[in-house]
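Shared between the two complexes below is chain A, which pairs with chain B and chain C, respectively.
Coming up: the complex of A and B.
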């Protein structure tokens, strides 16, 4: 029972981290990118390749994971977001990010192989550690640190305040002389680096697996919608709640219905409280 | 000859070519491919109303296809029902599934709806794997074929093509009448559609249920064609393929998506390097279309045709009434 809870919390932490990456990109562009779940996937694959494949030390793997994520975030903004936002058509960004997500998933599948591969140990630890195993506490600690770090970044630094200004009103921010395009690029790179970091930290739990992206895109989004769009604490709560629910459900009913239960949670929350637990109500000005 | 006549002639030519295909197809494999295209089109024709006309980005239609295929396999195979009845039953079942899925999810905004449909595709896969004694689990399920005269490849092709033709006719009827106009209005602006009295949720729901029925029928035909189905047959990328066909062909038309499914099904078979790239190629195509011509490739042809067609040069000779002009000038002085 306890092991199920801990494993659930750890999985939930990965969802929460994905939801945070969603939030960072959403704050500056009002776009929910389908590529979000692929950032941790890329981080995990890049880390496993550098550490296990090339035999380099772990910190180079960490750099590679974050760098790959950031690069892919940049690419997403440049290729799939910028031109589409300039055209200001309704949901074209959904199509363009979906196309990019498909391409990166397939490219990784062709290069890395379609089987999940193990992720190397980061800290020397015996495999009999049980609940204290690093594969559980690394993602949990990271997700909490990420949420806290983002909150500090938003409230204490100038760059973070620019992000907040853009999320409040991009036109007003532009009128005040904020280079909104550059801030948006920066936010995508930041989200990419954070996503890559999350994939690196959770690699031992999820394995380096090319098809992880879509699952994370969906579950991260559910965590975000449950917690409330735009809220970092909400993302954390939503992710952990989803992970725990999944774990308890597979503990009691068996592991076959995880996705069904996750979507059930989303539907219940959307019916009762459409803006999510901590989200702000969307008011349409008339 | 007006554009309308030419379009009708083109459609008649296409129909004639499709109807006589078993006589001129080079080998059995081409016939199989044509049957596959027709089965896909049964689903895509219905989906086209949802994605192309109403603008609801359903990326999880493979879930409904899977329900239809498994319902057909179980009813016609295990329960021993007549295949025609089984097709009708699986169509009805998928219509109900579409209603149950659409009722909550069509109220959601774009990205939420897309995610909900994607989740359904994953859920159906999970349930199929979990309900092993009904669906065969990961091992799969044999699917019975149709009785004579549809048991030969050519006969089954005609059956599938007839179903595809019926779906095309139905969607065409919807598309050019009030229902279709309402769907287009919803796609372009929900607020405007509401303001002019289009029942937004009702119209979307009707289109979605119709696409569900189509998915059920298409799934039955697809399963009978494959003759053995496993959960791997209905991978999520197939769903993406349906979606890409419509977007690439062009939203808000029928011919465009049809050409899309023909080209995208046939191309990887003819050019083998593309088959290896598979979904990467679909993703690349989707990205290129979205960035360069969001209206779809069908629109490109129209633009090129408009560019090539010599426009009649209008010359408007100017013949001023000189005496009157002179008088006016004089009186003003």
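Coming up: the complex of A and C.
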């Protein structure tokens, strides 16, 4: 039972980290990009390739994971977001980001292969460590650090305050001279780097696997919706709650009910508290 | 007089027409559609099968074709996508008007494509293991070369119950269609043998850790674990959880247990000990350390193509052998039927008994479309892959 809980928390941490990446991009563009789950996938694959494939030290693998994520974030903004937002208020970004997500997944599958590959051990530790194994606590620690770091970033730094300003009212921010386009580009690069970092930290748990992206896109979105869109603490709570619920559902009822219960949780939260646990209510002035 | 003059003319015309028809048939190529998932999920199996298919086509064409007719191979990459497989099956059957279709490779693709091929009346060589892919009434021209899923399960069950003499079985399936159906079939077959599994569970194929499931299986008193999943990631995690727990319980089940990729996913190489999977006699080393002569001969023919520098073969050789046999079965059917008429091909294959292939010796009948014999299946020791083949589990 305890092993199920710890594994659930660790898996939930990956969902939470994905939800945090959603939040960073959403704050500046109001877009929920389908490519979000592919950021950790790319981080895991890049890290495994650099460390295990090229035999380079772990810190270069970390840089590669974050760099690949940041580059893909920039590409997403350039290819799937910028022109769509400039031309239309409709939710066409759903299609453009879905297309890009599919393309990157296929490209990674062709290059990396379609079978999961191992992610190297980052810290010397025996495999008999049980629940203290780094594959569990690395993603948990990272998700908590990411949420805390983002809170500090938004409240203590000028760049973070610009993100918040854009999040509250992009038109007003632009009217006050904030370079909203550049801020949006920066937010996608930041989300990419954080997503890549999450994939790196969780690599031992998930393996380096090309098809991980869409699973994380879905579960990260559920975590975000449950926790409350825009809230980093909410994303953390939503991710952990979803991971635990998945683990407990699988433990008590079997894996066939896992997804049903996860999506059921989303439905219940949306019915009872549509803004999520910690989301702010949107009030339309009339 | 007039009639006497006309008779030779008619005869000459008939003879000329007959000659033209014969020549036309000689020049008329036999078109084989090959639905192969060369990219995408399970591409490693398809790529290996493709080597066998290509080799057999090249060999037959180099020998002058079948009854003077050359083979033309039309390969279509389904990327493991059932929708693509259906569309490409339609294209091959109705637009390209092929004489035979081999595949698709994956059972999931076959569930969609096989009915389409059957509707077109094209003879179909089935290489998916799911039972539903053959049916003498619904798909009369679909003939299976690979074993059925029940044969895999039966081989594993026999090994656990009769060789290991263990009956406290924990069944672990995954939540995919294949895993769910296999776990259900395995349970039914065990119960028919008088054994009720002590623990049964379905898990998500992407479940990140299986320690909890194995702990429950151990608490239930399991003395053998039987996983039914084609997901190598899940199988790797299961073996890692068993190894990390220090529980040396035998694991017996699906061929995915001996996939070469598993070795890379294991925390320690010794976690692959005490693991047995359903395998094939054609790719199992005998007591003398040698493979069956037909397998060894085919290996030497393709070694330079599939092994870098002519060294050791690292893929599972049975895929190559099955791909090779698919084309050889077509050769047999065309020769027996005297052409490519679909009805005659169906009859020829229905009357095929003990056709010697490399992968297996095939027999079909008017009521049975599953050509792979039970006797050609054996249990293999999972971590003994050497040169594309395995050791027998005793």
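Going forward, the second predicted complex is superposed on the first by the 283 of 286 C-alpha atoms of A that agree within 3 Å, B and C clash if a C-alpha of one lies under 4 Å from a C-alpha of the other, contacts with A are read in each partner's own complex, and residues count from 1 in each chain.
Quick note on the criterion: a residue touches a chain if its C-beta (ideal position, glycine included) is under 8 Å from a C-beta of that chain, and two chains touch if they have at least 3 such contacts.
In this text, all values refer to a predicted model and were calculated from it rather than measured experimentally.
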Fit or clash between chain C and chain B when superposed on chain A: clash
Determine, under the contact definition given at the top, whether A:83 touches first (chain B), second (chain C), both, or neither. first
In the superposed arrangement, which partner chain does A:218 touch: chain B (first), chain C (second), both, or neither? first
Going by the contact rule set out at the top, does A:100 touch chain B (first), chain C (second), both, or neither? first
Once chain A of both complexes is superposed, is A:1 in touch with chain B (first), chain C (second), both, or neither? second
So in the superposed three-chain picture, is A:205 touching just chain B, just chain C, both, or none of them (first/second/both/neither)? second
So, does A:110 touch the first partner chain B, the second partner chain C, both, or neither? both
A:11 in the overlay: touching chain B, chain C, both, or neither? Say first, second, both or neither. second
After the superposition on A, what does A:258 contact: first (chain B), second (chain C), both or neither? both
Kindly classify A:118 by the partners it touches after superposition: chain B alone (first), chain C alone (second), both, or neither? second
With chain A superposed, which of the segments 20-28, 56-64, 92-100 or 272-280 in chain C collides sterically with chain B? 92-100
Across the two complexes, find the residues of chain A that touch chain B and also touch chain C. 110, 215, 254, 256, 258-259
Name, in rising order, each residue of chain C that touches chain A in their complex. 39-44, 80, 174-175, 180, 201-204, 206-209, 211-212, 215, 232-233, 236, 240, 243-244, 246, 259, 261, 264-265, 267-268
Residues of chain A touching chain C in the complex: 1, 3-4, 7, 10-11, 109-110, 114-118, 127-128, 130, 133, 135-136, 205-207, 209, 211-212, 215, 246-247, 250-251, 254-256, 258-259
Taking the touch rule as given, give the residues of chain B at its contact with chain A in the complex, in rising order. 55, 57, 59, 104, 108, 110-112, 114-116, 118-120, 122-123, 126-127, 129-130, 236-237, 240, 247, 276-280, 282-284, 286-287, 290-291, 294
Chain B partner contacts - residues on chain A that touch it in the complex: 32, 79-80, 83-84, 87, 89-92, 94-96, 98-103, 105-107, 110, 214-215, 218, 221-222, 225, 254, 256-260, 262-263, 266-267, 270-271
